[in-house]
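Dumping the structure here so I can ask a few things about it.
Think of it as A, B, C, D, E and F in the order they're written, each chain with its own count starting at 1.
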Amino acid sequence: MIDSGDTAWMLISTGLVLFMTPGLAFFYGGMVRAKNMLGMLMQNFFAMGLMAILWVTIAFSLAFGNFGDGGFIGNLDFAWMRNINATTGSEAFALTIPFVLFCAYQMTFAVITPALITGATADRFKFKAYVIFIALWLVLVYAPVAHWVFGGGWLAKLGALDFAGGAVVHINAGAAALAVVLVLGKRKGWPREGMHPHNLPFTLLGTGILWFGWFGFNAGSALGANGIAATALMNTFLAASAGMIGWSLFERIKDGKPTTLGAASGAVAGLVAITPCAGFVGGMAPILIGLAAGVLCVFAIQLKFKFGYDDSLDVVGVHLVGGLVGALLLGFFADATINPLVKNEGLFVGGDAKLLWYQFVASAVTLVFSFVVSFIIAKAIDKTIGMRVTEEEENEGLDYSQHAETAYSFGSTGSMDRL
Amino acid sequence: MKLVTAIIKPHKVDDVKDALKAAGLQGMTVDEVKGFGRQGGKTEIYRGAEYVVDLLPKVKIETVVPDEIADQVAEVIVAAARTGKIGDGKVWISSIDKIIRIRTGELGDEAV
Amino acid sequence: MIDSGDTAWMLISTGLVLFMTPGLAFFYGGMVRAKNMLGMLMQNFFAMGLMAILWVTIAFSLAFGNFGDGGFIGNLDFAWMRNINATTGSEAFALTIPFVLFCAYQMTFAVITPALITGATADRFKFKAYVIFIALWLVLVYAPVAHWVFGGGWLAKLGALDFAGGAVVHINAGAAALAVVLVLGKRKGWPREGMHPHNLPFTLLGTGILWFGWFGFNAGSALGANGIAATALMNTFLAASAGMIGWSLFERIKDGKPTTLGAASGAVAGLVAITPCAGFVGGMAPILIGLAAGVLCVFAIQLKFKFGYDDSLDVVGVHLVGGLVGALLLGFFADATINPLVKNEGLFVGGDAKLLWYQFVASAVTLVFSFVVSFIIAKAIDKTIGMRVTEEEENEGLDYSQHAETAYSFGSTGSMDRL
Amino acid sequence: MIDSGDTAWMLISTGLVLFMTPGLAFFYGGMVRAKNMLGMLMQNFFAMGLMAILWVTIAFSLAFGNFGDGGFIGNLDFAWMRNINATTGSEAFALTIPFVLFCAYQMTFAVITPALITGATADRFKFKAYVIFIALWLVLVYAPVAHWVFGGGWLAKLGALDFAGGAVVHINAGAAALAVVLVLGKRKGWPREGMHPHNLPFTLLGTGILWFGWFGFNAGSALGANGIAATALMNTFLAASAGMIGWSLFERIKDGKPTTLGAASGAVAGLVAITPCAGFVGGMAPILIGLAAGVLCVFAIQLKFKFGYDDSLDVVGVHLVGGLVGALLLGFFADATINPLVKNEGLFVGGDAKLLWYQFVASAVTLVFSFVVSFIIAKAIDKTIGMRVTEEEENEGLDYSQHAETAYSFGSTGSMDRL
Amino acid sequence: MKLVTAIIKPHKVDDVKDALKAAGLQGMTVDEVKGFGRQGGKTEIYRGAEYVVDLLPKVKIETVVPDEIADQVAEVIVAAARTGKIGDGKVWISSIDKIIRIRTGELGDEAV
Amino acid sequence: MKLVTAIIKPHKVDDVKDALKAAGLQGMTVDEVKGFGRQGGKTEIYRGAEYVVDLLPKVKIETVVPDEIADQVAEVIVAAARTGKIGDGKVWISSIDKIIRIRTGELGDEAV
């Protein structure tokens, strides 16, 4: 039975998650140099275009067809929007909302997950190569992983939990980001030159939008306006807050001063980590999870200097590591009194390590699968059309070299003549 | 005519402007620039790593003045811009062959 | 009966559409030169002030009084907020939400429709003349057209369909924009000088906000949280995506490079075109409608160079043309299985051209009526107080000449002394 | 009984109010000089971190424990998230939403109220001192006042009305702001130097976000998706519009030109004033309240020049005065037909001045209590670690001196070398 | 060689650039600056109070030219930049010892 | 004293700065400017129409140096800024009458 309250919440949740992608674009965009701003924005916005179309034509069906089969991939029952409408499907999926809305809600996840990768590849990804990469990635990586976890596939059957996408979204995108930057190589000048963020206010704006939108991401994953959604919202809020405090405290102690970028990064780290846990934990757990993520991620982003991969805006450090932190901590904090879907409680709650093991398996499998397939796709593109812009184009910046535009023209000498 | 050029600290612009006004000058051109010098750079923190930014914000002031007051104008600027701390900047004087006021076509001392 | 779920959705939908006006302000604002930024923002924000007050004092009543009379204009039953409250009216209007909420929701449409015009008139509209223009326009143009279509007036009775305002909002505003720019004349320097957009990131930010808000605009037009709202949301999403892809592909082929502004413009074109169709079509139709809008609008914006009218930011090319594309395509794709309000199905669905004809009539009538009356209002203002700023004011920019302000002061030499 | 429609509305309302804090950050941030931009953003965003954690650990309990006792302070029943979950509590509080959601919703108020103060203290507040100040302030000032009014404490029992926080939020923050600036002292150069706003578009963006979010603030305070929420939303909208028009008209008459900052400020003034009234008044009252606020606040902000306190961005003039205007006008316009919670109607409605007196008492008590306690806290911090940055730090700006960052780097010479 | 420096009104940049192109000049360097002069400032309104901003946007154009055409170049700029209203700006000429084209190492007249 | 002025490509700033540091220079002032020259403009696309932007971003470096090393400093800049492609820019040298360090009042060679 369709419930109007649940439907209202899922309509707006879909909007909220959609709004996260522009938020992400500004979060990342503020951190790149001015000459690469539009390149960053375009990559994110274009995902809103391309991923949506691919989602309804094929990927949704691969992810959610054969729902609950415990298998590896869906079928083509829903390809080309077949059977996706307001009246059918809801019952089979035990939904209290129109089935077409479920598809649209999931579509927003399919948009933002590949977009997350753009932070790692900033300033050097050829636009054409990017477009081909995310198109293949959605079908070959995202759709199967979504099926395993959200579509009732083998990881779900195994007993692993993932409330809103710790593995499907964050570990998945983070591992792919690592694979792609290994293929792309380092930005010219890195790591000697610091590559100043060109507009930190935009990064903070993006943080605000992400935080707001994440309520739709996590509390929306309850698929209705109920107690679990409410709990997920509170947990999301607290984990973001605690992540901010964890990262800031760390900076205060290590560098003497807390930075705004650090506070923003910490909030995002907390949000990432709570994603798999949001509707499964309660009490003070979100604060502990957020704090842990804030502190561990600020450590993790130093690794790139040690290992020499240029993860430009720390997608690996924040999304892969933050996702792992959340997925594994769920193995400690999952609580059946919060959500009856918790069959095996976490180690600290039920005293049993079974869930922790499942969480470890799901995380590891997702990480390896995503890394390997992403690496293969990236290599294949690199061998054929090339993944990276030329050195000259990198000097000029992506805005002009890829899009024939300039982001800002504050002065009075920006005029141009029509050809 | 002489061109007096000064590189100063940004928060001293108003003081210098006021001092020049008080000294009777009626025109100057101001520009935001970046300076590299003995002052060294400043250390910024970016995602847990420390970076030194060695180009610091400075302001450049240019004013064309009659030969006879050039030295005095330089003094006025030096006095108004000085904080005594490193990075205060420089003032230099060079010669101008000719100056024209665009509006009227006036030349030389009439033009400034 | 008031339904809390429907009410929840309409409360937030009202918020979403309200938020579109700031979104529009930034979408447009990013494209003007820096010296006209505040002028653009002010025109949009001021519509949020003035239109709202006029709406509840008079225009709502003219649009929705005598609901369903099949006539040309409403009455004064609801003037001065009379009879507008939470308890009355809902039944007469067959609403499941408080009547006052219906009025507030419609108010957001009355705010953004005149604001759309500001894109065409950028950089030269005298603020005072603008204020008078939109005040008269709301009452003399918007209110009657809204009555014909949304208020159960003659076009509704005829059988024309307009889910969320293809004719009422987009054709209407686009035709008015054309009329006003003919009165205003060209910007100094146009079309030789290109007038560089000063802040494309703001344009992209505006696009993100518009896309997000448009879910409220279109899915909110279902007036409840139900299957039609869900379908409308999905359609809106897909049309925006397809519009982006259509426009970008076109640019890629014609100019060699897709631009971020093109992607943003294409998304907006898709959103405009799906507006009349959102709750009446299904399946792959929204993708086709979006693609068509993306490609046709990028053609349409070239017309101004041919005909020599200075539609600064392409309101005619995007809103008038996009609105026509949507209104007419509805005549092909309207589907009774999606929405029982579809009495005559579209040509491709039911095989009958009747609806297409109604759509043509409604579009043409709206276009002509809006153009003529807008032209008369603009001329009258021009003859009396003058529509346009002086050349000197145009050189200085609207920010300083109309509002005694400067938009940006990034440097350290922006100090000023109190008089 | 939990209602899904009410829950949907409160989930998104919580999101909306959370989103107001970034909105406020940009509203204020646009007005400071570029060198203090990140300082302003950080203070606001950090409130989203710290206040949230303190809220669930202690302050919520102090505010809402012993609900309805008519007393001065709550208890520790809900400290450390004890008893805060989806299943308990709702009944005791007569809620139709999960109790944990009520706590999260109120948390957003606890975040933004101290953040409001940052506008007054701009450009000179030491970050560490700020953090300590707001932590103490939440517990010692906000929690008790919230208990008096929202928690069924003595002011509520007395008969004073405050729909969404005219006293608890605006008078409270405004009085505290005055106290703190008296301790902090004036910015260097004030009032001779004007300190140009560095990015008015950001201020307008903030205004748009605030207006949007305020629908959650006021209509959310109905705690459900019902007629009162709808009325509150309409009133909020109209008061913002009228506030904008009031302020702009005043400027037009006094200075010859309406400014965008004035329009934005007027809208905020209207929003502040309607806050206590939103669900208690109807008809044209919100327009009158908004107009009054717009005009009175533009007067009020001149007071700082007369009395010589440096309320940098006019928190006293807009929030304290706007809050007083609203709280007192409620004594004239409160209407029992709008909301049965109105026991004593306003002077213009019921002809009785009783409510006006209660409103006066509640406002005065809140003002004095907040001012005195805030002053003591500020003085204590000043005596110990110092409230204010050094002169050198003030010259450099907060961005670098407090956070070792620079907000913008548009040019191509912003590179930096890793140490 | 001579360096011709001009401070002009921002909306005149295109006119001056076109005039210089028409006069056969092949290079110049342009900068956004702020000017203080007889023109006075402009009055802005900020939250109900009036302020005067006395540094106005101007554009600086610099072009190095052979000695013999320096005066003529200055004339061209003056003609193109003139509006006749206060604040039109100045043009001045100074001497350059040497100029090098970075790309080729050419010197003097060859370099510009 | 001599003033060495260089107009270079933006992505060469760090190289030039490093080369000057290596050559023992202790100060310079840097500014973002726009250049018009043989390089022509770049073609941007704006809503389906192509436009040429003929002012390109450049960076201006100014450094005051003792007479005897001016030529050498110019060489260093030329070497560091050269890419060999059109648009590399110019370096020119002019004479300064006097230079003062604001902080100390030192003059001439002492001041730089």
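Couple of notes before you dig in:
The definition used in the following text is that a contact is a pair of C-beta atoms (placed from the backbone, for glycine too) under 8 Å apart; a residue touches a chain by one contact, two chains touch by 3 or more.
What you are looking at is a predicted structure, and each value in this text was computed from that prediction instead of being measured.
Counted as hops between touching chains, the shortest connection from chain A to chain F is 1. Note on connectivity: the fewest steps through touching chains from chain A to chain E is 1. In terms of their C-alpha centroids, the spacing between chain B and chain C amounts to 50 Å.
If each chain is reduced to the centroid of its CA atoms, chain B and chain D end up 44 Å from each other.
In this assembly, the C-alpha centroid of chain B lies 18 Å from the C-alpha centroid of chain E. Contact with two or more other chains is made by residues 3-6, 8-9, 12, 189, 193-194, 196-197, 199, 205, 225, 255, 257, 259, 261, 403-406, 408, 410-418 of chain A.
Multi-chain contact residues of chain E (touching two or more other chains) are listed as 11, 14, 30-31, 34, 44-46, 49-51, 53-55, 94-95. Taken as a graph of touching chains, this assembly is fully connected, with contact between every pair of chains.
Residues 2, 6-8, 31, 33-38, 54-55, 58, 60, 70-71, 74, 77-78, 81-95 of chain F are the ones that touch chain E when the two sit in their complex.
By the touch criterion given at the top, residues 194, 196-197, 250-251, 254-255, 257, 259, 261-262, 265, 298, 301-302, 305, 314 of chain C touch chain F in their complex.
Of all the residues in chain F, the ones that touch chain A in their complex are 11, 14, 34, 41-46, 49-55. Considering their complex, residues 10-11, 13-14, 30, 32, 57, 59 of chain B touch chain C. Every residue of chain A that touches chain D in the complex is listed here, in rising order: 3-6, 8-9, 12, 16, 33-35, 189, 191-201, 204-205, 207-209, 211-212, 215-216, 219, 224-231, 233-234, 237-238, 240-242, 244-245, 248, 255-261, 263-264, 266-267, 282-284, 287, 338, 408, 410.
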